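What follows are several structures.
Shared chain: chain A. Partners: chain B in the first complex, chain C in the second.
Here is the complex of A and B:
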């Protein structure tokens, strides 16, 4: 299978005797690290062993063992398998773990998320506020003993519904007849909302303005959550000095749909349609990542024809994503809607293929563990061939001809720095933004999954790391995807489309798995822990958008407010995935 | 609208004026203007927003119905298209936007989430339907609704507009002017709807179990 975690070649135990043990639980990998030595060991992992890209940080609540665990996944930007290390702390009093923000600045938002949802306090984190929920919210929802207002049972399928229950609406079971829950004797009239005081407090570090005795005020501008250029309900609180950005904090969570919590109640298969709604432009890619994670746990092979169908669908998805990206980028630059119309014209043709194959335009729900849910209908493969060999290359060239040498576009994009390679890696960025800085890190090549190792393609890379490169690399990637597709539609074999029998409930042995793919936006990974029951014990999504905006502040400091819109645009965030 | 429909009151027009004069009611001409220029608030919440954009693009082209002018500001919008899951964190901003929209204003709940919570209803941060706060005019089912479904919903809204009469609508009546004002929810330990303060207080005092 794709990713394996090395416990043999990297001998962390020998390097730190006494503070590191190999994780010996059945189905688990990696190392368990002593809490007090965490920062020192993480520094060694980065500097001595060369794992410079810390992709994911998340917590796990082991309620029966009365333990909390923080799990770190580190990779090398030169490619190869990853290294997983964990910290375990007793689940009593304040759960505290040292923050790794000094070693890997990319953990910033992810540690805040673990604090918000699991109540793990990262000591030394400079700005440990809630991130997805609001300040003042009661409890840490992902803890296993925290029950949501519409709580019915720990696991689905609920006994009241299946096999012979009848449906009682969730409102009937809640005293407030709504999705609400308050502490005992709560009085709403006496409540003083926290508001944004802490957010603005975190920006206040920047309020020392007194150049040569002249008093100049800095102003705070809120962009979003309703703003035409923020790609959904993203909000940024920005401190401005004149037109220059001197402070920026992303505020997210306006579309936090509790993906993890719902995912832990669902059975494994029930989660598949939920993954569609993460990055709603690329449901095929999301399915891919989740299927890989669970297949790794189940230790099954994927049917050969299905492997090719998966690649075809994922690459078509990437093409339409990048086309829309270009259209929306031009929207952000003020070319209101015309380029986007060109993008949507092609996107509709790709969606037609998805609709014919999976039954839905956007929410495809197409992958199954061991294969895909159904074969492509007759004639669709020919349609794909027509698109791949004929229409899409011509249309990509057309788009390039219209845009790439446009004087206004070039002067807006060229030379505006996004980020340099070193910072991009430090901030755990992945995807086209990282590759535009000159780091050729593409999971399809660095840590191949599926059948990507059978195709001949180049990892698109550009070296300037400015806006122009970020735009051009998307066109490069469309061309590389077309190359993969050309080979895939030629090589696709006949045969079954699933190696397993179709089933509603899958048996997943206990253990953990980290399935990662190169989604159009960067690394999309699913961290799934099974305890042998029909539902995952922990289900965590590591989305590309969420981790990529960690560097937003770094990218924007010192630039003009007008460029903020474009800088956010090239990150290609999508809120469904960012907030989950 | 063609002359025949517009001239329904049935006055006889002299033959030489037939193509120059149309007689109609004030309601009819007023509603005809409004229904042909429904300007939505440019605001996407989630997945449904993408289908909303697709409906505006070349293939489905909502401009045919006079609905293509997306306004980024609520002050110029007639219609709030709630296109996606409404979360507790978002609903105060949504209510504020609604209050800022001038009358006459309409709300369309697009998709399963906005209509009733959809697949995410059980989530702790999800408002189970935007109609808990805003008066919804049209519900569009689907997850997400296809652009065709969206357009069908918008046509339903047009039919609703056609049936309104200046004599009865609230927004010209001085006494009912603020009928549609919604107090903004507050983010407490959970979402607080100020209209339900007393109820929340009494229910929270009851010991569980």
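Here is the complex of A and C:
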């Protein structure tokens, strides 16, 4: 497993002498860019070198070195490895970095996240508000000197658990509120969420005057956080003119638990079950991404049989995700429950396989560094074969017969534009939504990981970028996943399922790694920094759902409010992953 | 023709609707009960399942596979005189590997020498915090902590299990996880045999 990042074919240092240096820290890659030249260099990276897809923006707090760093990962939609560039700023006073929103609009929410959690100010960002934390919150929780309520120690395992582990409940030891910091002069009883005023201020103006001088009021409608169609606690503040959407801001963070901070307190292995809780429909995929990132750092190979087991599990996971997507899309459209329950039937059978293999239906925790936990028990591989060769193809066809030609559905979906290819790339969208616009970008092909390069499959692609294509591409992908599975279950070799000795604390050399996979929802990536200690120094998740909603406003402007539900539906968001 | 697609789709629901009844009749004709017994539940989880799919919990329960994991328990072996021999040596690996840090162990110290004795004085699992990940059982070198199958632990109070509550006999372990139990036993026997062979060679 090579840890190469593309530095050979692009020589940024030669192109910008004096303002770019190669990152020479051991285990690190990419380029360090002068802060003042960041926008110029990013424009060149996009236009001259062709890295049009900026997937991740990560803030890192290097407290001992007293500096902060912002890491950008850029890729080409035509495929190939990525380009990583970083900007470093001193960690004193206001930490300021120029915003890249003009070059890559997809950084919008990610820059807001870095501001919210790390206090990195992106100058030039038009709407730099908190995004995951609430507006009255003080401090930036991902900074290394910030301590959460019920803080015990910087790193797990905690010393109080053994050998003198007399049980104490956290709330007894540390009653609620005592460790909670409020801004100065803050009274929670009297607090008026000024953030909401800021939110509505960031939407379009309330009153308009039409050419004839007629004053008209716009209405602000809050879809969510308690709304059956928003797939969890997602809220969108929408400005309406009549029924037409003229402004939209996503408001997220209701399910925020600071997964990154938890991850930095954990040891490497302890993070594995936590990744299950990101996109809880696809814990196998989440495990996959994290395992890849840490394996890159450790520079270890994965056992051959485990590679195939990983692919089998990840593809089964994709199939059930897409089936449920179809069911839930129909739910959003008002076809209550029948398609959803048909989808759940197949999902149950797939979850039975996960349960028999990994021990849990949804929180699989199946991957380990270098392999997987255990081999598939007897009979389970046969069950997978039964599903793959026999049941699932037939059921996918049945789903197609059931829905795809239904005139009511077709007239509802066809021609409703989601987004066009150019905007999708600009807004860093990945996954089926991007592929439905005609960009055949699939990480399994574009930047292969695991053993995906051994399988014969097509990247599902549709060209209209409307709702119908977004629906159909899911069925296409199920068929392609079945193709991969057919080959995988045939080719799977015998042998050990882990290349490493089981250890409860792995040794991870210092350095950084970016592990990315094609999760059913788009690019899921983990950026992990190790300083050689048992716990990661930085652990950042780049979730597909979160980045994909950056374009939500763009998608919805000018459409009718009734279409919002479906437009959000095709993004296939999961709040566990979005809010982290 | 407009409406053909709808009719095609309705055909699917129509078939699905009747398949429940045709299945029921087929089971009746074979003189078997499709509901409220294990065979019926198994058939509903089979790849050829048709018709109604739901399992009517709590009257019916899904068949739990061996690897299913829920809040762990501690294993004790029953000695010949009926004494409980706790397998745990309070080495603390499970407490160290536990991601939400819900395992608390008090180690026993010999009152005379003050040195640790390989038996836990007390052992707590905060089941409300436990995330059922199974890492403790996976990394326990003594097969002393095992993931349970008993998932019906809802209660009106906090579930902080102490050692008394956590201890279950090895026979229970064997009952819920026969294959794993056998594997552990084989490994242990192989280890003992190797040890004996080594001792013999030394003599």
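Going forward, the second predicted complex is superposed on the first by the 542 of 580 C-alpha atoms of A that agree within 3 Å, B and C clash if a C-alpha of one lies under 4 Å from a C-alpha of the other, contacts with A are read in each partner's own complex, and residues count from 1 in each chain.
The working rule: a contact is a pair of C-beta atoms (placed from the backbone, for glycine too) under 8 Å apart; a residue touches a chain by one contact, two chains touch by 3 or more.
In this text, all values refer to a predicted model and were calculated from it rather than measured experimentally.
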item: Chain B versus chain C as contact partner of A:253, first or second or both or neither; value: first
item: Touching partner for A:348 - first (chain B), second (chain C), both, neither; value: both
item: First, second, both or neither for A:225, with chain B first and chain C second; value: first
item: Which superposed partner A:161 touches (first chain B, second chain C, both, neither); value: second
item: Contacts of A:393 with chain B and chain C, given as first, second, both or neither; value: neither
item: Partner chain in contact with A:105 - chain B first, chain C second, else both or neither; value: neither
item: Which superposed partner A:134 touches (first chain B, second chain C, both, neither); value: first
item: Contacts of A:273 with chain B and chain C, given as first, second, both or neither; value: both
item: Touching partner for A:402 - first (chain B), second (chain C), both, neither; value: second
item: Touching both chain B and chain C, residues of chain A; value: 273-274, 345, 348, 363
item: Chain A contact footprint on chain B (complex, rising order); value: 42-47, 49-51, 53-54, 57-59, 72, 84-85, 87, 89-90, 93, 97, 117, 119-128, 132, 143-144, 146, 186-192, 194, 197, 199-201, 203-208
item: Footprint of chain C on chain A - complex, ascending; value: 156-158, 160-167, 169, 266-267, 269-274, 276, 338, 342, 345, 348-349, 352, 355-360, 363, 365, 373-374, 377, 383, 386-387, 390-391, 398, 401-408, 410, 502, 504-505
item: Residue ranges of chain C in contact with chain A within the complex; value: 2-6, 8-9, 11-13, 16, 45, 47-49, 53, 65-69, 90, 92-93, 95-99, 101, 103-107, 116, 122, 124, 126, 131-135, 138-139, 147, 158, 160, 162, 179
item: Residue ranges of chain A touching chain B (in the complex, touch as defined); value: 132-134, 136-138, 141, 148-150, 152, 170-171, 175-176, 178-189, 191, 193-194, 225-228, 232-233, 253-258, 261-262, 265, 273-274, 277, 280-281, 340-341, 344-345, 347-348, 351, 361-363, 575-576
